[in-house]
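Notes to accompany the following structure.
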Amino acid sequence: MPKIPAILIQLFIFLSLAPFFSGLVSKIKNNIRMRKGQSVFQPYFNLAKLFNKNEVISENASWIFRIAPFVVFSSSLTAALLIPLFFVSGPMNGFADFLALIFILGLGRFFLALAALDTGSSFGGMGSSREMFISGLAEPVLCLVVFSLGMEFGSTNIAAFNGLHAATVSSVIAAIALFLAAIAETSRIPVDNQETHLELTMVHEAMVLEYSGKRLAFMEMASYIKQMIWFSLIVQIIFPSALPDSLFLPEVGMWVLWYLAKMSVLVFIVAVVEISVAKMRLFRVADFLGFAFTLAIISSVCAILGV
Amino acid sequence: MINFNLLFDPLSLFFIFVICLVSVPSAIYSLGYLRGHYRGAKITLAWTLLVIFVLSMLFVVTAENLLFFLISWEIMSLVSYFLVIFDAKQEKSTTAGAVYIVMTHAGTAFLIAAFLLLYRYAHSFDILAIKQACLIMPQQDKNILFFLFLVGFGTKAGIVPLHIWLPMAHPQAPSHISSIMSGVMIKTAIYGMIRFIIFLLGANSSWWGILIIILAVISCLAGIIYALMEQDIKKLLAYSSVENIGVILLGVGLGVLFFSMQMPYLAIFSLIAGLYHLVNHAIFKGLLFLAAGSVYRACGTRNMEKLGGLIKNMPQTAFCFLLGSMAISALPPLNGFVSEWLILQAFFLGAISFSGGVRLFLVISAAMLALAAGLAAACFVKAFGITFLALPRSRSAAEAKEAPLSMRIGMFFLAITAVVFGLFAAPIMRLLAKVAGSAMNMDVSAMKFSLNNFTLCPQAGNNIYLGIPLLAVVIIALSVLSFIGYMIFNRRKPLLNKVWDCGYYKVDARNEYTATAFSKPFRIAFGFFLMPYRKSQKIRESFYHVKTFAYETHTTMVFRKYIYDPGLALIFKAAKNMRRLQPGSIHLYLAYIFITVLLLVVFMSKF
Amino acid sequence: MQPLIIFGILAATYLMVVAKRTPALIRSFRYQSFCLFLATLFMAIKEGHPELYIVSGLLFVLKVSAIPYFLLRMIKKIQANEDLGLLVNTQLSLIWALGFTYLSWVFSAHLLGQVNQTQTIIMAVSFFIVLSGMFLMIFRMTALAQIIGVLVMENGLFLLASAVSGGMPFLVEIAIFFDVFVSVVIMGVFVYRINKLFTHIDVNKLSRLRG
């Protein structure tokens, strides 16, 4: 049985830290662009603003549009409960593994795509179509990454990825493939642009275009949490560090610092990637994800060879 | 020679359960479906055929004698043919029926050849007696038999490239029959495969399992890619059946592979995964077909491009279709998720237990399964979203009415079953272990299968857990909590207003996204396989003023164009050449007769 | 006496094969049936069964008198061209007939051996008659030739049965005779109708039954 305090602590950590990393990405991007940019805590202010705003809902929408934000939010949170952040195994570790995580996020995506179609605007339809296309092509990459990591550690349990070990060739390549897939999943350039609202270029933004007010806050929060999930997994795979077994404060504090440091490095890399390349044409995303797939195959071959 | 004994071992009982699970709601559904659209005599005919159909399927899965099996198989095919052409007024029905009956009989021919070969060894038509004889059969004959069974049952199951009848026959049949055909009839072919390949032949060559897995992967991908391109709801569901048969065969193929490599625990586990997906698919595909049928009844069309907005007029049908779509897209906590997860775990178990190149093969097959699952989710977002959401795209969709009570009862029964089979996965796995054990002649009382705390491999010591009830509870609790949080802080109700229209003054149903547009990225990404082509026609008043522009886009039917049409052309050419034997001269015909008689008389003495 | 009869049968069969006009064909058929009648009569006298007398009587009545007369009358009635269209000319037909004789001799020798000479010879002759009936049906163009071909084959079978096994059962013989008579009548009607419709009875021109 999961421990309720552990669940609550994990939820609190995710809810509080997730917008911070998104704000950090935009801050770094703006600094590279030689601008001061918005504050790192701007996403928090945005969420607070959205919570105070009133909502407008399309007349064509049905109950799916109304409940979708909650389903998406809860699926992201459920997936977040699986990630080992502070404990050797995530508090929900007894109840799902890495493969299940992919499907749980899929639940959120399904409802998001349906809600986008529900409003009757073409933007939503476009967003759904593109999002399902991109995520459909990203799934084999994720599955292969899971398998190659699992073959090294003997199980698809996320906790198994956490033993102190040296990063092997296969796990590094798997992490790179996972990084590319995470770019696709979290809607970052070069797959999708979060700062635009042009119909030619938006994917995730198109799906949440009709949302406003509190529901939009839930959707945004869900995407921040998803991003944090993927980034945490990547850093834990590439730079594994020992998790604290007990609530001994200096250990915990050390781990927190390590974690923030690793995440900052990754966030910096993401920001640099976002700045350096342009957004790809949608049909070239297939090639991009195909490249990630090839990397994932290479990593499984390395895992098979034992490298 | 022939006796009508019935064999009730766990495998047969399981299939009887699956047949009844889908047939009963479909029968209840047909009460409302047939009434008011057919005359009384035709309804009686439909009921008679339905009863004979279900009985024949029950006999197929319990027959102990090969001849009895064959008779029931033939009756099943014939009766389903009559049901496919039930609406014989439409030309598509008769074409579909013709293709269906020819292909299913071609498959049955292979089965008959295999049965005769078995008889030659065992001198008996009884399954249990043949099982004894198969222990001493040489390997080449087993390979020939395996191939004959694979083709024979594969035609009925719908393995690519023998699947072309499926998307023609299933849409044309009345919806309750489509649900039984897609949910159960093609599963009897899987029953045949398990019974004859695993139970009888013993499955001791590893290349058998690998061949089944390769065919299954191809079926998965081809099926779902074609499903994405379809506008007709029932044809989409039929192609999706092809994909799911591929998934089931992945589990069965893995079972054969592990069994041939002497890994009993893994073999049973893979077969459990395959059988679990079999029953899950029966449930949710039956549900989807019933819901599609009620949409067809209400709107008169199956074309998604003319539907839309049905969630407001037909909320219960929409809910059932949504549940079926969620189940088929493998979303937690429903049943499709459990069985796909189990199959992926079976692949993973194989990848860590084997050594060598087989591991890479298994890993890549698993990735293809994940791709198919992702594409299936896309396909059903399209199917549900375009059909039920947003604005209606035609008058008939705007005026649709909810389905009558009997139809709703059938659908809800299956919907509840889908949820139950998802939540109670652990006890179901224990039951399926017994079924798989009887199919593979292994004692499973010592093996522990549960979703909590089962050891993947005794050496690794890492445990995997999947607690579906808890997962469901967490997801639902979190969403309810967030909704409550929303309600607490909500001071004003949301305003209803028009959708964002970019400043256009008239935004109506024509501005919505269409099904063809939804699947365009897939059409382009998989263009190497689909080979889309377009036809456009412009009618101009002058060079600058185009009055009408007609645009059609098609995908090439690859299997028809490159395999079946050349084959048929060859047959017709040979037949035309044979016509030269009959030029019309009576004298020549008389000469044929006499020469034949003479030859017989003369050469009789040689025998 | 017997070799003479057999010689008569053989000669009549050769005459049939080389006949160029229908009345000639029918006449040779008559000779053949007559010789057959003689052979049956002698067998009846030798063995003394009353059934054989009846059979030979029927043979005389039907095959020697009635059927040829009926056919000749038919020809006059339809005023058809009496030419029996030959697909294979006379000389070649004769060579074919000689070939058939040799073949049937070889075959019956193979079957029965050299033990019982008479039986072997009669069996060979009957096979030859059957083959020549077949020849008539295939290589002669008019419909009447086909009718006569059937009758000739029936003759041959009758001879075979009576030589090898002492005749077929009495009832069967009666039935066969009746059957032959009726079929000739029917075929005659048919030929009349064919002539009415097509104004010829050249079967070679009727070639719509094609694949």
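All chains are identified by letter, namely A, B and C, in their written order; residue positions are counted from 1 within each chain.
We take it that a residue touches a chain if its C-beta (ideal position, glycine included) is under 8 Å from a C-beta of that chain, and two chains touch if they have at least 3 such contacts.
Bear in mind that the values here come from a model prediction, so they are computed numbers and not experimental data.
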Problem set entry | Chain at maximum distance from chain A, centres defined as averaged CA atoms | C
Seminar exercise, completed: Higher number of C-beta pairs in contact (A-B or B-C) found for A-B
Seminar exercise, completed: CA centroids of chain A and chain C: separation to the nearest Å works out as 99
Seminar exercise, completed: For the pair chain A and chain B, the C-alpha centroid-to-centroid distance in angstrom is 34
For this session: Indicate the whole-number Å distance between the mean C-alpha point of chain B and the mean C-alpha point of chain C.
Result: 67
Seminar exercise, completed: In the complex, chain B touches chain C at residues 578-587, 589-591, 594, 602, 605
For this session: Please give the residue numbers of chain A that touch chain B in the complex, ascending.
Result: 2, 51, 54-60, 62-64, 67, 70-71, 73-75, 77-78, 81, 92-97, 99-100, 102-104, 106-107, 109-110, 113-114, 117-126, 128-130, 132-133, 135-144, 147-148, 150-151, 153-157, 160, 209-210, 213-215, 218, 282-283, 286, 293, 296-297, 300-301, 304
Problem set entry | Partner chain B, residues of chain C touching it in the complex | 87, 107, 110-111, 134, 137-139, 141, 146, 203-204, 206-211
Exercise. Quick one: in the complex, what on chain B touches chain A?
Worked result: 309, 311-312, 322, 326, 329-332, 337, 340-341, 344-345, 347-348, 351-352, 359-360, 363-364, 366-371, 373-375, 377-378, 381-382, 384-386, 389-391, 452, 456-457, 460-467, 470-471, 474-483, 486, 489-490, 492, 494-501, 507, 509, 511-514, 517-522, 524-525
